[in-house]
Amino acid sequence: MDDTSLKEDIGTEEFWVNMGPQHPSTHGVLRLELKLSGETVVDGIVHIGYLHRSMEKIAENRTYTQFIPFTDRLDYLASMNNNLAYVLAVEKLMGIEVSDRAKYIRVIMAELGRIASHLFGITTFVQDLGAFATPLFYGMREREKIVELFDDVCGQRLTYNYMRVGGVSRDLPNGADGKIKGIIKYLRPKFDDLEALFNSNPIFTARTRGVGVLTASKAVNYGVTGPNLRASGVKWDLRKDEPYLCYDKFTFDIPVGNNGDAWDRYKVRMDEMRQSLRIAEQAVLGLPEGDPTVKAGRIFRPEPGETYMRSENPRGELGFYIVSDGSPIPFRMKIRSPSFSNIAVLPDLIRGLKIADAVCVLGSLDVVMGEIDR
Amino acid sequence: MAVIERIPASGLIEKFPGGNLALTTSESVLKWSKASSLWPLTFGLACCAIEMIGTGASRFDIDRFGAGVFRASPRQCDVMIVAGTICVKMGDCMKRLYAQMPEPKYVIAMGNCAVSGGIFCRDTYSVVKGTEALGIPVDVLIPGCPPRPENLLFGIMKLQEKIRKEKRVKR
Amino acid sequence: MIIPVLTLIIMLIVGAVVLGFIAVSAMFLIWWERKVSAHIQTRYGPMRVGWHGALQSVADVIKLLLKENITPSGVDRLSWWLAPFFAVVPVVMVFVCIPFGNIFGIELIARDLNIGILYIMALTSICVLGIFMAGWGSNNKYSLLGGMRSAAQIVSYEIPLVLAMVTAVMFAGSLSMQKIVEAQKGLWFVFQPNMAIAFAIFIIAGTAEVNRTPFDIPEAESELVAGFHTEYSGMKFAMFFLGEYTNMFVISALAATLFLGGWSGPFLPPVIWFLIKTYGLVTFMMWIRWTLPRVRVDQLMGFAWKVLTPVSFANLIVAGWILMK
Amino acid sequence: MIKYFTCIISGIWNLAKGLFVTLKNVFVKPVTLQYPTQKLEMTQRYRGLVDLYPEKCIKCGQCVKICPTACLDLSVKAGEGADKKKEFGHFKYNMELCCFCGLCEQVCPTQAIYMNKIYEIAVYEHGKLHIDLLDKDKYDEWANPDVK
Amino acid sequence: MSNGEAFGLIKLKIPDTSLEEKTRAIVVPREGILEAARCLTGQGFDSLHNLTAVDNKDNVTLVYHFYSMKKRAGIVLKTQLLPDDLTVESVERFWRSADWLEREVYDLFGVKFLNHPNLKRILNPEEWTIHPLRKT
């Protein structure tokens, strides 16, 4: 055997590995194609669309009220916030003013939804790092409290359909504010427990610090929003910078990271949950009297025109661009979903990392497929 | 798919006195084992997947039924819980996953999307109208959008009931 | 004539007892792990199959034996078929010289080899072959990655493991397992400072040896789906499962024998002491598994070579110095 | 060298803190709801299956109009009585399509259509999910399922 | 910076620019999109927040939403394409977020973006030939 053929026989080569759509750590049906050289990721391609449910087409065939249940199923971990973002957009289009009590209830619900979503996001992230099931189940256990409250308030566990254009579907049930206060009191020490599990854990820190660094300029250029953007050091939060509802009445901080690595993304979420508790607490204490409900059967006929409204969701800025032609159904609706932009940055982040880190970065971006594919 | 086929020389044993009883007992043991150890595939498609995880989590604990071993590889699963909307792009993957599962295999369609397309049935261009539209046979249908975790547990009990009542098929 | 036949019969009985013990112990451990993990996660775990799910593992095993045995096209047949046996058989062979104590004066050890430790070390390192064959034979990229990882991991963790064992051997002055236990009659080795370090190293390296979190990178569920046994189904998969849990038992039994005084202990019969110590260590490993995240592959190697190996070497030198004094 | 050892020791200490959290949880009473033996009371507003009080219904069709998935099918015919009061032709409910959003319940002027508290439904075939709302004992099978 | 100021700046470069009465959106002709993009990046609009299209049957309007994190301002830019010639220059070189957003618009509307590095379908299967959100 001569030299060249021997070399061909034992030569190394890069190979493609297909991850997903069914894979335990792709958060649903994302598909990643990774070009690996040994354990190192040389290149990655993200394929989406495995959950493309044609929401935008459906929106063109439903009245404004009928589309609210569909927003539940966009980002199914934060249905309440999606409801809110949508009705805010329609209210902006119609020029409707909302009663004070409705605003406060919306704020409470949105912030509790944010906590539920972040709990799930953080704990699945740790699950991706290999801490099998326990953190996830702790997160789910805490989340269950919030879900049960939502069940009490609007009658479903996941798809709430609670917000209405002009208000909310029902007032809080009797004793709900006491329950909310109880949840806030219950959650505070639980966050400490979660932090004790992760924060100083040397394995966790070694796995996350300096992994998948997203610089601020790159984040802005890619249109990354939400906690991922703030982790990169950009202090940008719509609740402060373009206050909607009554967020300007509450005092809260915006946690910001320094390096934009996976650790910062985790930490920002963790801190944000505490801030959300603060907001919810203030809102419950200051809950005004009044009637927040509206009639469900009203048919909205906005003036011909268009509007773009974005609001701060747990995963970033969810925007609804609605074009109306004067009929009760939207002429065109574009859903600008935060995860769509957040996941686009993934191939850039995982280049040169180990395959385990690729999973870590994906988990730290905390994406939801329902929202990416719509 | 019948269990009895997997017992060697079942035809012969039957002819002996008491053989039939032995066969029936062993068959019921086998069915019991199949029903009490349903390992699901880690396969979340959409919203219902969150409720599926919720069922697995501490509050409802699917593991009490012996169905808590979520395996990521289809080769080691018994039941595929189709939790969520099936889209056209996903259809081929679903069929492949189902083919990769070893016999005996069962399918639970969780949520209206997996039952019939549900809320996304009308006016869409990219949603498959239910698991059966893909040619995958469904054993238990669980309506709901999403079903409560209790409902999924109820569905699993229904599946266990179905397994226990499986007919004995002779070769 | 009569003596060889008698020996054969005794051998068969002992073999059957050991195999039966292994099967029951593995099934118990699987059930126990599910219970431990459940209670860590504040839930109940298996409840409905037998009393508190006691028959859960039995059902699992029967079901796995009944499942269709898929051989994907494109596998390397020989290594595909042999791999599960390579994963199980060496572990079972280790049981030859694990001292379970004595009952009515009969020593419960199949054969007290005078090179017992050497024999065990030789056998435990064969396990990696099974995993690697499974990874290579499956013709699946995830499996291959898992197999590669396990080869690297087990080879590097073998060194601190062996060095920790050698420390115990030096103190006992013998390679025979029974002698090591007897040397601990007065004081368990673990109560001496540098043996305590050796014990910690042994547990860490042992956890890595049996591929459990935080060192479970060969089967890393969130990265490699199921690692080296991604393609295995039915009975072969059950054999890997059996191998993993038996391996866990073996490592804990070794740790108990080498550092915790084996079967020796006051009041209770020796067998009970041995099982308490072993299952206690297994439970500790489970506790770790259900708490910690997984380390990355390069951190894993770095930890083995930069921390464990130097520390265990230093420990060995100190132990030698103490003995020389 | 000192840094090396402090690093190791602090690492072990921090791992122990995490282990302590999980150990603490072992001694907490499990939060599990043992489903078939224990059952939750559904909340006041729980949205189960669509149900109907036929005598209250004024056949206005608002529920059919607002349903986002068109799972309700109502046909009305003129009555034979002297006052020509509207009567039901049929009122079908397709549970397969329903998204349990509760809009029909909220839009109903007489609270005739409502959502009951049944939540345990699992069937073997599709036919059972097509329901005639005018049938009185349509949900009997699921109202109190026989599970243990 | 308001829409009006940005409009003034772009108007200097591209004379055909107009300002939509109701929505205060800047409408640039198709050929001027690159020039407008360059002008906007110069003005500190560092984020292309959203890009979408609206099929008005007689034309397809592309809608760009730009935001500036530093100036805390946003503007809307529009450009109209005729249905028989759905091509426009890609702005991917200025904002990386345009990569996927343009692919999505291509997928759903069939608008071809020139000089886009990887113009493939993103949501729908690649072998499809229809563009589902077109109204004709």
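Observations on the model:
Each chain gets a letter, A, B, C, D and E, in the order it is written, and its residues are counted from 1.
Simple rule for what comes next: a contact is a pair of C-beta atoms (placed from the backbone, for glycine too) under 8 Å apart; a residue touches a chain by one contact, two chains touch by 3 or more.
Note that the structure is predicted; figures quoted are calculated from it, not measured.
Separation of chain A from chain B in touch steps, taking the shortest path, is 1. Shared contact partners of chain B and chain C, listed by label: A, D. Touching chain A and chain D at once are the following chains: B, C.
The chain closest to the protein's centre is A, with centres computed as averages of CA atoms.
Centroid distances from chain B, each centroid being the mean of CA atoms, peak for E. When every chain is reduced to the mean of its CA atoms, the largest separation from chain A belongs to C.
Set against one another, B-E and A-E show the most C-beta pairs in contact at A-E. Taking each chain's centre as the mean of its C-alpha atoms, chain C lies 62 Å from chain E. The distance from the centre of chain B to the centre of chain D, with each centre set as the mean of the Cα atoms, comes to 22 Å. Chain C and chain D have centres, each the mean of its CA atoms, that are 48 Å apart. With centres taken as mean Cα positions, chain C sits 42 Å from chain A.
Multi-chain contact residues of chain C (touching two or more other chains): 38, 40-44, 47, 221, 225, 290-292.
In chain A, the residues that touch at least two other chains are 23-24, 49, 52, 54, 57, 62, 69-70, 134, 137-138, 141, 144, 159, 197, 201, 203, 373. Across the assembly, chain D contributes 15, 18, 21-22, 25, 30-32, 34, 68, 99-100 as residues in contact with two or more other chains. Those chain pairs judged to touch are A-B, A-C, A-D, A-E, B-C, B-D, B-E, C-D. Chain C makes touch with chain B in their complex at residues 34, 38, 41-49, 53, 55-56, 58-63, 66-70, 221, 225-226, 229-234, 237. Those residues of chain B lying in contact with chain D across their complex are 58-61, 64, 112, 115-119, 121-122, 139-145, 147-151, 153-155, 157-158, 162. Within the complex, the chain A residues that touch chain D are 62-63, 65-70, 134, 138, 141, 144, 151-156, 159, 161, 169-170, 173, 193, 196-198, 200-203, 296-297. Chain E contributes residues 22-23, 46-50, 52, 54-55, 63, 65, 69, 72, 76, 95-97, 99-101, 104, 108, 121-125, 132-133 to its touches with chain A in the complex.
Chain A makes touch with chain E in their complex at residues 48-49, 52, 54, 56-57, 217-218, 220-223, 234, 236, 241, 305-306, 308, 310, 317, 319, 321, 323, 331-332, 334, 336, 340-341, 344, 373-374.
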